[in-house]
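Right, I'll just put the structure down here and ask away after.
Order of writing sets the chain letters: A, B, C, D, E and F. Residues in each chain are counted from 1.
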Amino acid sequence: MLNESAIIATVNKHEEIQRQDIEDAVKKVTVGLQKTSRVISDKDKKLTAYHEAGHAIVSRYLETSFGVKEISIIPRGVAGGYTMYKTDEDKFYISKTEMEEKLIALLGGRVAEQLALDDISTGASNDLEVATKLARDMIMIYGMSEKIGPISLKVDDVRELEFYGNEIQDEVGKEIKRLIDTAYARAMQILNTNRDKLDAVAERLLEKETISQKEFEEFFV
Amino acid sequence: MLNESAIIATVNKHEEIQRQDIEDAVKKVTVGLQKTSRVISDKDKKLTAYHEAGHAIVSRYLETSFGVKEISIIPRGVAGGYTMYKTDEDKFYISKTEMEEKLIALLGGRVAEQLALDDISTGASNDLEVATKLARDMIMIYGMSEKIGPISLKVDDVRELEFYGNEIQDEVGKEIKRLIDTAYARAMQILNTNRDKLDAVAERLLEKETISQKEFEEFFV
Amino acid sequence: MLNESAIIATVNKHEEIQRQDIEDAVKKVTVGLQKTSRVISDKDKKLTAYHEAGHAIVSRYLETSFGVKEISIIPRGVAGGYTMYKTDEDKFYISKTEMEEKLIALLGGRVAEQLALDDISTGASNDLEVATKLARDMIMIYGMSEKIGPISLKVDDVRELEFYGNEIQDEVGKEIKRLIDTAYARAMQILNTNRDKLDAVAERLLEKETISQKEFEEFFV
Amino acid sequence: MLNESAIIATVNKHEEIQRQDIEDAVKKVTVGLQKTSRVISDKDKKLTAYHEAGHAIVSRYLETSFGVKEISIIPRGVAGGYTMYKTDEDKFYISKTEMEEKLIALLGGRVAEQLALDDISTGASNDLEVATKLARDMIMIYGMSEKIGPISLKVDDVRELEFYGNEIQDEVGKEIKRLIDTAYARAMQILNTNRDKLDAVAERLLEKETISQKEFEEFFV
Amino acid sequence: MLNESAIIATVNKHEEIQRQDIEDAVKKVTVGLQKTSRVISDKDKKLTAYHEAGHAIVSRYLETSFGVKEISIIPRGVAGGYTMYKTDEDKFYISKTEMEEKLIALLGGRVAEQLALDDISTGASNDLEVATKLARDMIMIYGMSEKIGPISLKVDDVRELEFYGNEIQDEVGKEIKRLIDTAYARAMQILNTNRDKLDAVAERLLEKETISQKEFEEFFV
Amino acid sequence: MLNESAIIATVNKHEEIQRQDIEDAVKKVTVGLQKTSRVISDKDKKLTAYHEAGHAIVSRYLETSFGVKEISIIPRGVAGGYTMYKTDEDKFYISKTEMEEKLIALLGGRVAEQLALDDISTGASNDLEVATKLARDMIMIYGMSEKIGPISLKVDDVRELEFYGNEIQDEVGKEIKRLIDTAYARAMQILNTNRDKLDAVAERLLEKETISQKEFEEFFV
């Protein structure tokens, strides 16, 4: 999965984090130590393979993505697998387009489950949490919703939202849903169009467990 | 009744719990120590027999259930009886279908009371509590409602729900009700179709007090 | 009045309370020590007599009632009088029908005041409080409202109700009112049909102050 | 003004307060020590005279009132004047009719200001506070509103009102207003009909500052 | 500006404050020590002159006003200038008419800015705060709104407003706005009719910085 | 960016802050120490150049602005660049027109991003926060909305807003949005009309990194 929390922290705080720092943090915090003792069922392995392949392939077709570094279905920490992305260079700003595409990549895992297994699972809960918070920030902190406008609904205490009335907050809720639904539809469209690649990458993951950047790129030549 | 709290804990935390651990926990926490000193009225015995038979038979017709291990109307702890299920293997994910069927099994007890006694009782209160929390998590944590969408409404403090407005929460309330009502209708349909088995299992429970997995399966040959 | 608080405690906790324990508790907690020093006005005496006769007679016509043990207009503690009921045997469950009839018995006192005195008083406040909490539990804990459905709205903190939205809670309010209004109408119907018995029992109470189970039953031979 | 707080305390707690206790309490708590050093303007004196005459005359025409003991426009404590009523005997219950008439007496002061001076003042603030709380209790504690029904909305913490939904509370607000408006209209009708007595009593108060029960009754022979 | 806080304190507490006490308090608390070191821009001086002239002239045409004592555009404390009024004698009550006229006087400063400069400023913020709280008390403490009625919505904790429902509070908000808007329109009408006096008093203030009661009265002979 | 927080502090507190104090504070607090070690991407540089040029040019066409002192795309602290304005002289009041124009200047950065890059970024988040708080104060503290009227909704605790009802607060939310949207449209109109100057100033900033007041004014001769 995406090292979203680190990226979001960067967005909010504009701190200077070096690339190596992030990679280290990613290993420790997000992916955790590799676990080998645990037996994974074939059903769970297949779900993980499609979920991670979904993230990676959707990301491959986005304009602002920096590319996939590694995909794996070896469980680490509480995650059944992971997709590591090449991180952003040291930058001050994140654009609305980058954020919208980040939402699409985040939802690629859930969409792949739906497409390939005709069922969805609890495995996407963290993706949904990160995507929802990102969509919320786009609207409430960065004023990126045309409907709500260039307004800041940033508050220290949630009760301060009362200052702006309940109607605006209902609109915010609808806009968050709209951003998420739009990203979901786009992820679905990408994976539907590239269903053969989804199956191929998932199959390779089941075979080899981990795919490098180079191996992943070979599916797109 | 179902060892739901343990299963839900697993869902939320993906911790590695061994099968034996769960069985031990189930004995201690959910079923309690067997009580023999207490006199149970015939009316209560009949209600318990139908309630537990309802859980077991509904569960028997669900695709994702791992099967019934033991049914009993001997009171343990605060429960008038219990139905023990074969537990899930060590798994990472729970699918939407599994969760929907868990709701159906949970409501089987209440439905059996309604069908056989034409009245309902306080005996289902724990089942309803677990089912409602499960339906809530399906919608708010796992984004499994098509109406609400792949969004996470997970919050640390209930006041944070204000971020998403009141309208979304009203929709969530309706979706929780819809999931529960759908599961109730499905449990009713299964028990109506298998009314003869419901009566037979309940009768056997009143006779023998406890039915093993093997004895239970004989009703379905 | 009814020893409702004890009965409700039993409902919620399924604890094993022996019959003697309840009777002792009833004497101490609900009825209090008999008071003789205080002068009661004739108007208050008449109101109490009709109020208690109302409870007792309504209860007499309910299917699930265990019968009246004693009626009195001698003040004990803060109550102007009391009606003691034969208590339930040691049971695991309370049915929806039993709860609905409990509501009817609870409202019998207020209805009798309205019928006989064409005015109502503060004397029913405790009955209304117990009845309202019982109706609330029927709907929110035991899922006994067809409108709300087999859902549990049990919460540790009232703020958790936000999880289910405001609309459901408005429906709950209406259902509580509907349960109470239905019970009130049934109590009214019973006392209207048996107005002669209401007058007779109240008159006897004013005469003798206390009526035993046997004396009470003689009105119905 | 009325020693309402004491009466309400009696209603809520059914404690045994002797007549002498109440009279003592009334002197100390409600009326305070007589003040002579302060110069009162003629305008304030006239307003007080009409205000207190309003309470007393309205009360004189109510069926459940126990009669006026003393009326005065000598300031005591924070009050510009007072009307003392003969207190209730030691009683268990207060009827809906008594409570409705208490509301009428409480509003008699404000109505008299409006009628005689064609303006209203801050002098009725305590009367309004007591009347509003009484109306609230009639509806929420004693179930005396036909619209809301025989329900108890008694709560330890105001947040518990959430259990009953917002719609019921909006209805309660309207019922409180309806009770107050009805009482105001009745007080207005009494004082309009007896405008000559209002002027006469107010005039006598301006002359003598204090009127005894006997003197007051002479206006009605 | 008006020494409103002291006046309001008197209204709420009916304490005996001597005239000299108030004048001392006014000097210290409201007006502060005279500041001479600070350079004031001509634009600010003109705004202050019109603002204070607005208060004074509006007040001059109100029936219940006790008259103006001094007007000044010499800054004291945080205020750019001030208008001192002759204070009320030691009185028990304030009438609705007096309160309505107080609102008009309070808004005279803002209205003068609008009329003379065709712009408004932050200089009226304290006037608006006092006027809003006064309007709120008229409705919620003194029952002076015909729409809301003779009801007391006085609460110790704002959450207690829940007892009366949300609809009443929305009505209160509208009534506060209506009282303020009505007072604003009346102040506008007075200053429009007396625009020549507004210009004359403001001009004199710019010339002399402080105008005494006698000098002020000469504009109206 | 604007040293808004200091200006707003002045508005709220009317404290005497000397010009030198503000300039010192601006250097330390808002702009921070100049950073040279950090590598900025060309994309970020271009965005900053347009963002700051947007602030400066919009400000240049406003009537109440005191003029631009320096524009820079050298990062200081957490900001990617800054625009310093000539500060206001020591003044008591800020007019509605000044505040409206401050909103326009604040939104100039975001508008320039939209116009020149056809995308928007997180870089405007602080501008939006300051603008929203300013709009909120205009309406709730200074009574500058014609729709809401000359009312003060200033509260110590956000819960006190309940006193005014929910409807008014919904209106406030709409008015805040209207003020911001109006300012945004005006900034867009200015930059659209002067697109050539926007490109020229941004280009010069990319070349020279910092532009002095004199250099900036040369674009307008």
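Assume a contact is a pair of C-beta atoms (placed from the backbone, for glycine too) under 8 Å apart; a residue touches a chain by one contact, two chains touch by 3 or more.
Computed from a predicted model, the values in this text were never measured in an experiment.
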item	value
Chain whose mean Cα position lies farthest from subunit F	C
Angle, in degrees to the nearest 5, of the Cα rotation that carries subunit E onto subunit F	60
CA centroid of subunit B to CA centroid of subunit F, Å	58
Cα-centroid distance, subunit A relative to subunit D, in whole angstrom	67
Shared interface positions of subunit E, touching two or more other chains	159, 166
Chain contact topology (line, ring, star, complete or other)	ring
Subunit F to subunit E touching residues, read off their complex	11, 13-14, 16, 89-97, 141-144, 148-154, 157, 159-160, 162-168
Contacting residues of subunit F [partner subunit A, same complex]	38-41, 43-44, 47-48, 75, 78, 80, 107, 110, 117, 119-125, 128-129, 131-133, 136, 140, 158-159, 161, 166, 169-174, 176-177, 180-181, 184
